[in-house]
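Following this message is one structure expressed as structure tokens.
Chain naming follows the written order as A, B, C and D, and within any one chain the residues start at number 1.
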């Protein structure tokens, strides 16, 4: 299927590894030039070089924390007229509600809600003017089904979900779409990390921790990053211009609710 | 993007024209053999011949009302081991709630809820055994946002939405996914029909009727059938195996709700 | 709290015991005259006599299956100008999807979707004219979270959910509200029945079966029928006239989704 | 209807007027002792004296901004063992997305998300220990249907919606419930304010502004504060202990979605 986006330009926040990288790879494969971002220089360089080599697209790297003003500026300098933007960022560690401090929440909100919105302010006017934009946010299954130990994650993320939905209503007429992908349990370093945490907190073995992750998934397996990347690429396609304001769950059919 | 379904076999109910045909075309383009169905022989023949010629796939036609036992039997005979099934059927005309008879509702339910489920009973066991299945239903935006004049449509359709969600939970572990597409206002004969109806009922001109249809869509335009077909093809892809139980709205960003 | 409905008249389908009776009792306590309905004459008589004695309201009984035309007619004869209507009916037994016949679904739809709608056609015009109406349907938690073994229940019930939502939009301006109550696991004969079924099907003890019912409830207990009845009474109150189209879950906080 | 909460103690944030005051009044009428809070001393004093006089309950006032640590401390001092807590606060003015600054969002989040959560940390342990708690938040219809001009309101509020839902799952077993009320267009100073704003921004008359407010409501009228207060009182009742994690819309039936 020709996605009609060869030659388009994308900025992908937090894309040097994991699901962000998977999105970058699927887009690069479709001929999209990509700006890769991450906090570790080596990871960014590896990602850039792999994608440039494998897919013959323009790949650029911007090292740093994309929730800061400076890095956001650099990202725009690296790609002044983006057609596609991926919002992404590492989520916080689980924390019991009673232990969350004002500073914890303020920090999480800055990273997962305010900073992404500030970045969108930089790119939306141009997208509207050029009559093409595909904004995708990597959110979490928890925005529809909150886990009480993860308030620092789903609180700000659900805030973002709401603001993006509102925005989508204003942007539709400019062929600028805004959608979220809601992953649950993909086979990335994040689940590795969560398994390590479960081992420490609950004294279970690695195999038990991984088996538990799979057990909560109706498909009986973790998702593969390339499945995630291809869903992202599809929502960024020319022919997905009529799809906006959606929260697509990639969760192996695990969500219990009808809607 | 390679959807990984070349050589797969699909049965598509009510696919000789409109959105059903668009789905058939997108699948055929990806190398899927298709069984086309419709109530008018000439339409079915035209569709079959166009797809076979254009995409070099096996295209077969089954003429008749797919809500009947006989036609369902013929469809299975035409393709005994389907990998992909599209549930679709013409919706009823608008009818004021106070004018709906018991027979009206019984008939709508038979067409839009019971008959599709009876057809699924024929194909699910094989899909589970073969560890691949993609079930897609063309539903309507109204299942999330019911229009009081369309109870005969959204009543049965919402019933189907629920049963399919339930089913999706049991089928995920067999790599059999179940998803719905929720269109709102695509440029097909259906909107043409609705425009004619509006002209008659409210004495407005064709241009006014069409303008009203567009006005309710935030994207400022009707959707194109090929946009719909490609979304269907993506959800039928090999790499969409982790996506199930979803209700994807194709509505130009028009739905007001967050979820 | 004065609910402002003393002297109002209510017809309650399937109200001789269980949650239906609990609703009747809460309304009677608030001074509402009630028409009790059930299929067993003795149950209806007992209910009528208890309520009339205890609350000094007018209580009338109509014996028979409220999904039939004749009994619906009798109900209206017993109370020609109802202010409050409770839609209720016994749900079907669980049945594996593969075993559901066309007749099973047709029958369930007639009982749980079409018949209630036919009854509403009889009462809505008068409610609109008199500018007061409170329509409540006892639905099920499964309409938001379908259980694959209960398609015969949640299919038709979700259909009803949609039609009632559509209707609510047209009726709001007449001070006629339409709401649903979604119970999950109340301490009635229904859970008793489900426990017996679990004992037979899975060879567990009564205590195990009951413990399992409680285990699925976040509140750690079953709900009490009077809690349900009072929620119904509140939604029927004069001051609930601004609440319509809602699906209130009474499930001990068990539903996982945000909305 | 006896709500079973006479003699209970409530802390109500931002309750000196508007919907917050309406909640305080309904609770006081049911015999609940109330701590009234607001930023204007005169308003607080009036409210306290009215409620104490009219309902013979203990009414106390705490003047100040409840999003600050100091005022939260004072509130707890005024009522160390609250059974009922109302989260409420004035929403921000509308602001176009492109004009929102990082500081705007940070400030709104502090007021509408973080501060309420910090307050809950102070009261939840005691509620769990005493096995009774009713937490109600006054949210907004916009958390289900975001208005693009109100990101500063629905962003933080939707974040709160998610955290409260997560919390509700952990608290249900202690008979501590958490619910939100979602008003749309009640006849308070807030709608007065919005009307004034519309007059200024769009050059319409007061009558036009008020007529527009009503026009968006399917009930054809604004809600009355006492209707809101009584819904709050019902959710705070003893018999509402099985209802938690709900978002009850009080919107004259205006929300378009099924759920």
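Assume a contact is a pair of C-beta atoms (placed from the backbone, for glycine too) under 8 Å apart; a residue touches a chain by one contact, two chains touch by 3 or more.
Quantities reported herein were computed from a predicted structural model and do not represent experimental measurements.
Undergrad: Any chance you could name the chains that touch chain B and chain C both?
TA: A, D
Undergrad: Counting C-beta pairs in contact, which chain pair has more, A-D or B-D?
TA: A-D
Undergrad: Report the chain whose CA-based centre is farthest from the CA-based centre of chain D.
TA: Centre of mass proxy via C-alpha means gives B as farthest from chain D.
Undergrad: How many angstrom lie between the centres of chain B and chain D, each centre taken as the mean Cα position?
TA: 43
Undergrad: Between chain A and chain D, what is the gap in Å from one C-alpha centre to the other?
TA: 33
Undergrad: Among all residues of chain D, which ones touch two or more of the remaining chains?
TA: Residue numbers touching two or more other chains: 143-144, 146, 158, 161-162, 165, 169, 255-259.
Undergrad: Any idea which chain C residues touch chain B in the complex?
TA: On the chain C side, the touching residues are 97-98, 100, 102, 105-106, 109-110, 113-114, 117-118, 121, 124-125, 142-143, 146-148, 150-151, 154-163, 165-167, 169-170, 258-259.
Undergrad: Note which residues of chain D are touching chain C in the complex, please.
TA: So the residues of chain D touching chain C come out as 1, 3, 26, 29-30, 144, 161-162, 165, 168-169, 171-173, 175, 177-178, 218-220, 223-224, 226-228, 230-231, 233-234, 237, 239-259.
Undergrad: Quick check: in the complex, which residue numbers of chain D touch chain B?
TA: 143-146, 158, 255-259
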